[in-house]
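Below is one structure, written out as structure tokens; comments come after it.
Order of writing sets the labels: A, B, C and D. Residues in every chain begin at 1.
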Amino acid sequence: MAVTTHVPVAAEPEASAERRAPTGRESQVRMTWRRFKQHQLAFVSLWIVVLFYLVAVFAEFIAPMDASTYNPRYTYAPPQGIHFVAVDPDGSWHFGPYVNGYKTEIDPEALRRVFTIDPEVRHPLGFFVESEPYRLLGFIPMQHKLFGTVEPDAPLYVIGADRLGRDQLSRLIHGTRISLSIGLVGVVLSLVFGVIIGGFSGYYGGWFDGAVQRVIEFIRSLPTIPLWLGLAAALPRDWGPLQTYFAITLILSLLGWTELARVVRGRFLALRTEDFVTAAQLDGASDYRIIVRHMVPSFMSHIIAATTLAIPGMILAETALSFLGLGLQAPIVSWGTLLQDAQNIRTLAGAPWLLSPGIVVVVAILAMNFLGDGLRDAADPYGR
Amino acid sequence: MASREEYDMTYLFNPRSRRGVHAFRLAAVMTTAVALIAAPAYAQQQAPMLDALVEDGTLPPVEERLPDNPLVVEPVDNVGEYGGTWRSALRGTGDNAWIARTVMYDGLVRYNRAWDEVIPNLAESWEVNDDATQYTFHLREGLKWSDGTPFTSADIAFAVELVQDPDYPVGGTFMTDPGNPMTVEVVDETTFTFTFENPKGLLLDELASVNGSTLVSLQKAYCSQFYPPYNPEAEQMAADEGYEGWAFMMEDKCAWGQETQRWANLDLPFMNAWVVTEPWTGTASRVVFERNPYYWKVDTEGNQLPYIDRLEMRVSESTEEITLMALNGEIDFTDRHIATVANRPIFFDGQEAGDYRLGTEVQSRSTSLVLQLNLNHPDPEMNALFNNRDFRIGLSHALNRQEIIDAVFTSQGEPFQPAPRPESQFYDEEMAKQYTEYDPELAVQHLEAAGLTETNGQGIRLMSNGEPVSIAVDVISALQPEWLDILELMQLQLAEVGIDMEINNIDRTLFYDKRPSLDFDAQVWAGDGGLDVVQEPRYYFPANAESVWAFAWQAWYNGTDPEIAEEPAEWAREQMELYDQLKASGDPAEQERLMVEILDIAKEQFPLVGVSLVPNGYYIAKNNLRNVPDEMKQAWLFPTPAPYDPFQWYFE
Amino acid sequence: MLSFLFRRLIAMVLTIWAVSFVAFAIIQLPPGDYLTSYMASLSAAGDRINPETIAALRERYGLDDPYVIQYFKWIGGIVQGDFGESFEWKAPVTDLIWGRLGNSILLEGLAILVMWLVALPIGIYAAVRKYSLGDYLATIGGFIGLAIPNFLFALVLMYLWYVYFGQTLGGLFSPDLEGSPWNLERILDFLAHAWAPVLVLATAGTAQLIRVMRANLLDELTKPYVVTARSKGLPEWRAILKYPVRVALNPLVSTIGWLLPTLVSSSVVVSVVMNLPTAGPLLLKSLTTQDMYLAGAIIMLLGILTVIGTLISDLILAWIDPRIRYGGR
Amino acid sequence: MTPLTPMDANETLLRMENVNIVFSSPDEADIEAVRQVDFTLTRGKTLALVGESGCGKSVTARAILRLLDKNARIDHGRILFSADGGEPTDIAALGSDSKAMRSIRGNRISMIFQEPMSSLSPVHTIGDQIDEMIMLHDDVEQKSARERTVELLDQVGIPGPRQRADSYPFQLSGGLRQRAMIAMALACKPDLLIADEPTTALDVTTQAQILDLLRALQAEYGMAMLFITHDLGVVAEIADEVAVMYLGDVVEQGNVFDVFRAPQHPYTRALMSSIPRMTRRAQRERLNPIQGNVPSPRNRPEGCAFTTRCPHAFAPCSSVHPGRTPAGEGHWARCHLLTHEDAPRVEGILQPGVPAIEGDRA
């Protein structure tokens, strides 16, 4: 539900005067960082987010299989889980990660494969195992995966397989790239609009500010979802996956920038009156210089915070659009499209592991929200 | 307007036309015989819910409501009991097809349950002249609309008149076929004659098909008030009502056949077993039908049909909701939307809890997916390639069909090309199985024979202009998720032999928009015409607009889209001539011979690549719902389950 | 105050006018028109329709006119309260949407009510006990709600409900009460159906609300007047509730108006999954079938709702915040 | 430090005994913002608390009302308050939100603040805010409360009080706001009024008016006043007694006359010499501001806080915290100069072994 967030201007309360004195000499960045680290939740989240983006970048390497590698014999295969210790009947112990094989039969009446994990069969796992040659990020030729089964064509479905016997984990990892980048690209675009427009309107104020405010008001007065639907439905429908992908991000950011603009403007209004800006003006520094050299750095952290807080919205929007059949479509692999596969009773009943994208989305969004909150609190301790 | 959801639609008559045509005389004789026995040998019974109404005189007694010789229906298992509500679901706003499949199917004639005969219905008999240009029908004496007024030849004539009115847009029926104009002549109350310019061998099948309802759905007494020729005020009235013209008001008040608006107007009289009592408006969350007290059929003991009192259809945009309803035993019979391959396991498991059973539906479609390369491709290079038989054979051999069957259809089905199904008398194993074995080497040989010898860096084969072979395939995954799955597998399999395939998962409108511009490499659809070979020859030769693979050729054949119409290849022209002969001929044996010839050419030319035989579908029926056959044929022209006489189903 | 109102009204009219452009653009953007998709479905249904008929229809629906003409026809109608006719239903748009719009507002109104009842106390607590365990729990809880995609939540809810209670959640009324006038029975029936979607919608919105409330209150808590209030000898909670909370509420209360349009649009997804007779699915369908007047009308109404909402917000704000009422600072 | 003597009922209203206040923050070591503060407030008299900003005046004042922020606490010491001359209550021992404490706040002790604008709720009328105060402590209903409010507003010299009662803070001038603030503070006829730099935010003429008003009211209500300011001029004008604070310490206290005439602590002296005097050109001396600036409490020297800036600092200063040393009737200071034999000689300070100038010891 879109509740317009009230962006307060940092007020420095009387009573904290004594506290402020000692910290006053620290650099903005160091101070922010120190405060940030106290916000444990945010600190943990930071690492989670970093992890997510690492996965996104090195998807091909981390994912044990390719997103489209299928195996008819393992449709809807349940999760294997990874085991580390094995005991043979003769009582001898084996250490090291492995997965069990499956026993499969087809139930012709119910039309499905019935899987039973076969504890006898063990497929040992290894790191940096040989694989089909592939190109990391599309240009670095490689033929090793982070981990996988030692025998090349042993089944590996750590968190289960989808309806075509594709490895859900691998698809999840590949989907991460699209979903996270869609969020990032979208936000970066909004940021560009937001900072430039919001910045100038906040700095100059006056009629310019007024005009911008009206525009923002207008854009906000357009009901989001129909707008998405409309624009998404309006995309040339013979566009390829990639074009659609960027079109969608653009659409998302077109509507997303207003919020950022508001934040930035708010900060600018607050800063404009601060002494160091006035000082700079008196020194006859150019507006551009003032904005870029003096003002922007002084609330970089706010921008970062606002940005992190905007990404989750984008991700959710992407999934929602896919759900409505207006966003990305299979065969593109994104969290949204993966969830599309999961959104039916048959999956809930028969293959709940296909809901895993949902969990990942939740984790990612939680992490980013906390990170964003942490950054904001750190950037502006007295304001919030 | 017509249904959005039907993808298995085919049109025109039944699979064994020769027997169909026999049926004319035979059936005529038979029914008169039936009539003799069935006449008031014993007092007719009626549903208890009507007794009160008859008591207080709002309804005449059942004898007066029934025609002189009601149609006697042989129950599937046994004579049933009155009462009960048949609950089902409509998927959102565009699902009028479900009503067509349950309530509306009751034309002049109908198909028998085996789908091999046209039998009497409203018409108790008919005669056809020898060159099949003139048909005379005899309605039952004393048929009545659901409002109690008589149903006569005049109503038929009115329907024809209205449908033929150029200002009134009714989509292609035999009445508006520019290729073969027809006229109607009323002989008397119960007798009328259709006269055609050219032979119309297939009329009875069209009348027996789902489209037959159009002719018997417009009551002259009611509908003529909106029609200027009968009511000079009609235009004025429409204007007052805020319509932009009489036609708009007519469409709205007096919609024909299976038009959705038909169930939005409670005043509209029906000839069907149930009449709508809760209208289907844009805001309705359910549509309700109740028994038509003037229905004109009885069971073998003379009980007026239908047995079931009410039909309750939930309007739901959400298939998941419908699925849960079915699992929860809140749906008494359905075979639509939710009865998919993917859902089979949960419905199977749910039988006990939901107290329902799964029945078998034999599909009329042959192969699960037809890859229709655009043989009229505007780009000469592609055009040449697609028209190269070796290329198509190469593709076919490159497909590992068993893998697809295992993955997508849980090993149900067998490799199958677009060809008549084993159940059809046109079944030709060679045609169905040719080039289906998975053999990459052989595939490569054929591809190279097609001139694709060079490959580029990614191992993609190059056309003579040095361009890599890349086929963009259009698919509407919304209609059948399986299609997308199959394509995703094909994509990888074709890559193995150096053919690049791109999947365009697109919206239906665009799917159709692209055709007239010939602006596509290939489209996929299901293998219609597996049982109704003669009626739906779209994959056997460029027969109609659904023959996407040769759209320009069919345009030439049907005289549509002149701007793109293009003279077909020799072999296709030959087929077209043969089919023309077939349509003209009244003799079933001749028709079969001609069709076989057409099929042989198709087999020889191999224009289309298929995947696997469509496995049987299933229906979901509550355990206490009786007189439902365990196995049904599933088609559109034969609108399952209507031909299995839902009016004689009952709850025990 | 009056001039303020006047200025607002002028702005309102202008915005609505602008919205009408956007709405029209949106419904015209997709290639093809209703008749293309109509033909598509016809041929998919195996039906034929001769080109002349289509041409006739197009002519009759005025789909051949230049956009400008179409626009003015359309807007002209709207000005007279005639939103045109839905192609798909061959029925006046207004007949179709009012009922569903009503349901939307009813449903979302309920959801928002729940949200506020839950979020405000939590938000206040989280602010007063900043960084306490309670604060963390509240935030985490809220965010989880925010993070779960609505359709997933709805679907899982429906399924689990079926599994454990053997009921299918769906719709807003039991069919028998669908058309009936409001009475106790119907209200109860509505609540019996509405709780599920309300739950889904509320969980999605609460986090945001908590966060805003917390942030605003944190700002106010540090203001001197709070100390003054304490120095009067007011009990801590009373001091907080009467002063900072009162002030912190202003920006929130002023968003009530903003919520109006989201009333309708935010429930699209849930409505589709749970088959709720709200405006959302109608809009979705009309957009995909290019039922332009229906789609246009709904977008238009949403726009108008927003503008009215904004006005209401400003009025409320002026009403609760003297600083604005008397044009102070 | 001096032993505790029983409070003289008719004399002493409030006595701070060895109070120290500590700020703790999650990321830094605790800071002792105020240490060993002792002073006494006498009925009907005004004590001025003087010092540079950040020296802990406000904190001390708030401590009396237990209005410290969450991160601050009274570490030890007592704040003895006896309203009706009865058995004194130790405010330091009360729960900050306890009933007892609340019955004192606003009722017996009330406070006015520096920022009249931000110290009044922007969304409630002046009237409401004063009514509330009255209704809170003496149980009367709205109507009569409002009557009293109007009286008060009238009393503090707000024109057209009845109408003004219904206006919002931002509709009043700074001076009027402060008057309203005062009216509120007086609403329950408190025994003690704490005024935290009430005039700092006002322009000079208004300052004067407010000061006069306060003095007048004090006389009328016979209440004691703790007047916090950094402006010695104001002190001279309003105070009977003065306590000088530096970096959390009360370095010198005594009656205004004594302290101004013969300041004993180098810091006090420095303050004095930093204010201009009205003299003839010829006799004018250069103002000599205190060199250096206030260090943060964090790195405050072990001993006398002023060491780092003290012109006379010697051996013990940096290490030993000087005790209270009497320098006359009710006049004392914390400085080693006053006690140590070997302290450097400083003119004007009573040092051991130095004969006092006649009249000094009054």
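The criterion applied here is as follows: a residue touches a chain if its C-beta (ideal position, glycine included) is under 8 Å from a C-beta of that chain, and two chains touch if they have at least 3 such contacts.
Model, not experiment: these values are computed from the prediction.
Minimum number of contact steps separating chain B from chain D: 2. Ranked by how close its C-alpha mean sits to the mean of all protein C-alpha atoms, the top chain is C. The chain pair with more C-beta contacts between its two chains, of C-D and B-C, is B-C.
Remark: chain C and chain D have CA centroids separated by 56 Å (rounded to whole angstrom). The distance from the centre of chain B to the centre of chain C, with each centre set as the mean of the Cα atoms, comes to 41 Å.
Separating the centre of chain A from that of chain B, both taken as means of CA atoms, is a distance of 47 Å. Shown for chain C are the residues that touch two or more other chains, namely 31, 155, 159, 223-224, 227, 272-273, 288. Under the contact definition stated at the top, the residues of chain A that touch 2 or more other chains are 14-16, 237, 325, 343-345, 349.
Contact of a single residue of chain D with at least two other chains is seen at positions 62, 115.
The residues of chain C lying in touch with chain A in their complex are 11, 15, 18-19, 22, 26-27, 29-31, 111-112, 115, 136, 139-140, 143-144, 146-152, 155-156, 159, 201, 204-205, 207-209, 211-212, 215-216, 218-219, 222-224, 227, 251-252, 255, 258-259, 261-262, 264-266, 268-269, 272-273, 280, 283-284, 287-288, 295, 298-299, 302-303, 305-307, 310.
By the touch criterion given at the top, residues 31-32, 36-54, 56-57, 60, 86, 88-92, 95-96, 99-100, 155, 158-159, 162, 166-168, 170-171, 173, 175, 178, 271-275, 277, 281-282, 285, 288-290 of chain C touch chain B in their complex. In the complex of the two chains, the chain B residues touching chain A come out as 319-320, 323-324, 327, 341-346, 348-349, 403-404, 406-408, 410-412, 477-478, 484-485, 488-489, 491-492, 502-507, 509-510, 514.
Those residues of chain C lying in contact with chain D across their complex are 223-225, 227-236, 242-243, 246-247, 250, 320-323, 326, 328-329.
Chain contact summary for the complex, chain A toward chain C: residues 1-6, 8, 11, 13-16, 41, 214, 217-218, 220-227, 229-231, 233-234, 236-237, 312, 316, 319-320, 323-325, 339, 342-345, 348-349, 355, 358, 361-363, 365-366, 369-370, 373, 382-384.
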